[in-house]
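Presented sequentially are two complexes of subunit A, the first with subunit B as partner and the second with subunit C.
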Partner chain A sequence: MITLFSLFLLVLLVITAVAVVQTRNLFAAVMLLSIFSLLLAANFLLLDAADVALTEAAIGAGISTVLFLGALSLTGEREAPRKGPRLLYLVAVIAATAVVIYATFDKPAFGDPQAPVQTHVAPWYLEKTPEYIDIPNVVTAILGAYRGYDTLGEVFVVFTAGIGVLFLLASGPGSGSKRRGSRLTEVGQVTGLRHYLVPRVVGRLLVPFIILFGLYVQFHGEYGPGGGFQAGAFVAAGIVLYSLLEGEKKALDIIPRKVLMGMVCGGALLYSAVGVLGMLMGGNFLDYSVLLDNPVAAQQVGIILIELGVGLTVTGVLLSIYHAFAARGRA
Partner chain B sequence: MDQILDILSWILLSAGGLFVLVGGIGAIRMPDLYTRMHVASVTDSAGAILVLTGIMVQAGLTLATVKLAAILLFLLFTGPTASNALASAALLSGVRTQDKDHKAEEDHSS
Partner chain C sequence: MSALLDLFAYWAFAILLMVGFYAVIAKSNLIKKLMGLSLFQAAVFLLYISMGKVDGGTAPIFQAGVDNALFSNPLPQVLILTAIVVGISTTALGLGIVVRIKEEYGSIEEDEIQKIDQR
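Coming up: the complex of A and B.
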């Protein structure tokens, strides 16, 4: 039954993907991409990967759609006519597809207990996590502690991406480009949804709950699905909603750009600092067990701290990018 | 008792599924944006309420039911709001209803 439902979702995924490629209206493409992410999240959930599903739903279907719309408000919603040798593209795509499909023949069958992924380190993680870290969500233990380097790398990828987008888009007050925004922005900047009573009232009601849920996901990540990446997306989404309802300026009054930059850098620094602190106290880089006398409690403290760092950076980067788009659209 | 609950949840889920189906068909068949939204909102309201209530009957008095109730409450707040925002945005950007007087502007709005 699950397999059938999974197949159904995968077929829908393919249909959505084809529709994304086919449509010339970029606005529709963004919406279809959001649906694509939501279907993918449902599929992940069917495979019992709740953490990944939450990330895909929050970041793929949620906040990245908002950022795409922000980008569209700068570029317009029509795709430029395609040029070039279409036959060549077709051949390249078919060749690449054939290679990928050929590669899948080597993959172990779905759910095969003898597959390398089931026999390599996974049993060790599942067996030893209660002893070493003692938190129920093994995914958080792997991300935060066992594979701490990888997660640190991810945080710096997010950090670098944020800095890059800000370099491309940032415009000082008054020095913005003369580029004409699309109709969407013009409506947005005149009204900022201010004249719509219903979205404003309901949105105001929802913003605190969205941010509260983000904090829950942040600090409950050791017990259930969640963690810094998802929480950052939720909190950022709450503040973006507030900014859409009340105007960008009010949102910037609450969290000014300087604070945002502090969050972007501070989160990454906090993560690294926890690692360096471990070194100073006689352990390896990102070895949390030396932070306190009790190694298990120290691991938990370390994970909470680095998750906080991840959450700060992700929130800061997403909000900075949103504000950069909004400022550029207004200029 | 269990059987009664099963039958009840079966009825609720089927009725919810029917409303979702009707919403889906209507969203394809209706002539313009506003009538499409009107039909699609059946999915949000009747469909969601019936399906979620059906699952709640299945779940019984557990934490899952509380979570489902919270989801339902959230949907009842956000669904109509999203419809309202969509309709306002469409009206503001000049999408017209499709009737005989506005046939000429059909291309403009699509």
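Coming up: the complex of A and C.
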């Protein structure tokens, strides 16, 4: 039964993806991409990846839709028909698909417990996590402790991307052609969506719960699915929704740009600081076990601290990017 | 039949990958290209998570009172979890560049931009 359901989901995924590429209306394409992300999240859940499903739902279906719409309102919604050798591209892509599908015949069967990927380091993580770190969620343990370096790197990639968007968009208005105002902000700026009954009633109810859920996911990440990345996306989504309802200015009154900048830098610094603190106390960089007398408790404290850093940076970056796009249309 | 079903997740990955790739090479609209890139990326996510799945397994979270549960592989999940967040950041950067291109060139169609460049 579950196999049938996952087959169904995969087929839907492929259909949605084709529709995204086919449609000339970019607004429709963004909405389809959002549906695609939601289907993908459902698929991840079936594949036992609860943490990943949570992230994909919050980021793919939530934040990324808002960012695409923000960009669309600045660039236009219609896609011009392409002149060119479409048939050639189609043949090339189909040939490449055939090659990749041919390669899948050599892969171990889906779900095979004896596949190389399952027998290498994964059993060690599953076996040793209760002993060394003693938190129920192995994904968080690997993310925060065993592969803390990776995660630090990812946080700095997010940080850099945020700074990059601010460099591109937060500077003065471009000297080029005349620009249309952003519809996202025109609506958001003057009145919000306050005049629209359904978004107002539903949105107002949802905002506090989304943010509360984000905080729950942040601080409960050791026990259930969740952690800083997901929490950051949820909190940012909640505040973006507030900003759409009440206007961008009100959202900026609550969390001004300076505070956002502080979150972006502060989170990354907090993460690095925990690593350096470990060095100062005689361990290796990002070795949490020396932070307290009890190494297992120290690991847990370290994970909570770095997850907090991740959450701060992700919230800050996503909100800064949103505000950068929204402010661009107004300039 | 069952062997075909086993490989279907990977075929879906191959098709999604190439649908995204088609959008990147065949579409001239820059936003559409970014969407194609997102699809391409999502296909890779699907491949990693599919490989981590173990038959009869469950999410790698220990539960009190449940011993000897069979868990799916947590490692690909960690990699993809962070990759999703990095993916949205890079997409946002790409969108920022597209917005600036629109401001400078007045178009986000690749062939029109090239025409303006050649003048």
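Following the convention adopted for this analysis, the second predicted complex is superposed on the first by the 307 of 331 C-alpha atoms of A that agree within 3 Å, B and C clash if a C-alpha of one lies under 4 Å from a C-alpha of the other, contacts with A are read in each partner's own complex, and residues count from 1 in each chain.
Definition applied: contacts are C-beta pairs under 8 Å (C-beta built on N, C-alpha and C of every residue); 3 or more make two chains touch, one makes a residue touch a chain.
Computed from a predicted structure; not experimentally measured.
Of the two partner chains placed by superposition, only subunit C is touched by A:Thr104; subunit B is not.
By the document's definition of touching, neither partner reaches A:Val276: not subunit B, not subunit C.
Comparing subunit B with subunit C, the partner in contact with more residues of subunit A is C.
Looking at the shared chain after the overlay, A:Pro113 reaches subunit C, while subunit B stays out of its contact range. Using the contact criterion defined above for the overlaid structures, shared-chain residue A:Ser64 touches subunit C, although it does not reach subunit B.
Once the two complexes are laid over each other on the shared chain, residue contacts for A:Ile254 go to neither subunit B nor subunit C. In the superposed pair of complexes, A:Val202 makes contact with subunit B only, with no contact to subunit C.
Shared-chain residue A:Val91: touches no atom of subunit B or subunit C.
The touching residues of subunit C, counted against subunit A in their complex, run 3, 5-23, 25-29, 31-32, 35-36, 38-39, 42, 45-46, 49-63, 70-93, 95-100, 102-106, 108-109, 111-112.
Against subunit A, the residues of subunit B that register as touching in their complex are 77-78, 80-81, 84-85, 88-89, 92-93.
For subunit A in complex with subunit B, the touching residues are 183, 187, 191, 193, 196, 198-199, 202-203, 205-206.
Those residues of subunit A that touch subunit C in the shared complex are 3, 6-7, 10-11, 13-14, 17-18, 20-21, 26, 29-30, 33, 36-37, 40, 43-44, 47-52, 55-56, 59-60, 63-64, 67-68, 70-72, 74-76, 79-80, 82-84, 86, 89-90, 92-94, 96-97, 100-101, 104-105, 107, 109-113, 115, 117-118, 121-122, 125-126, 129-130, 136-139, 142-143, 147, 150-151, 154, 157-158, 161-162, 164-165, 168-169, 173-177, 179, 223-225, 227, 229, 232-233, 314, 317-318, 321, 324-325, 328.
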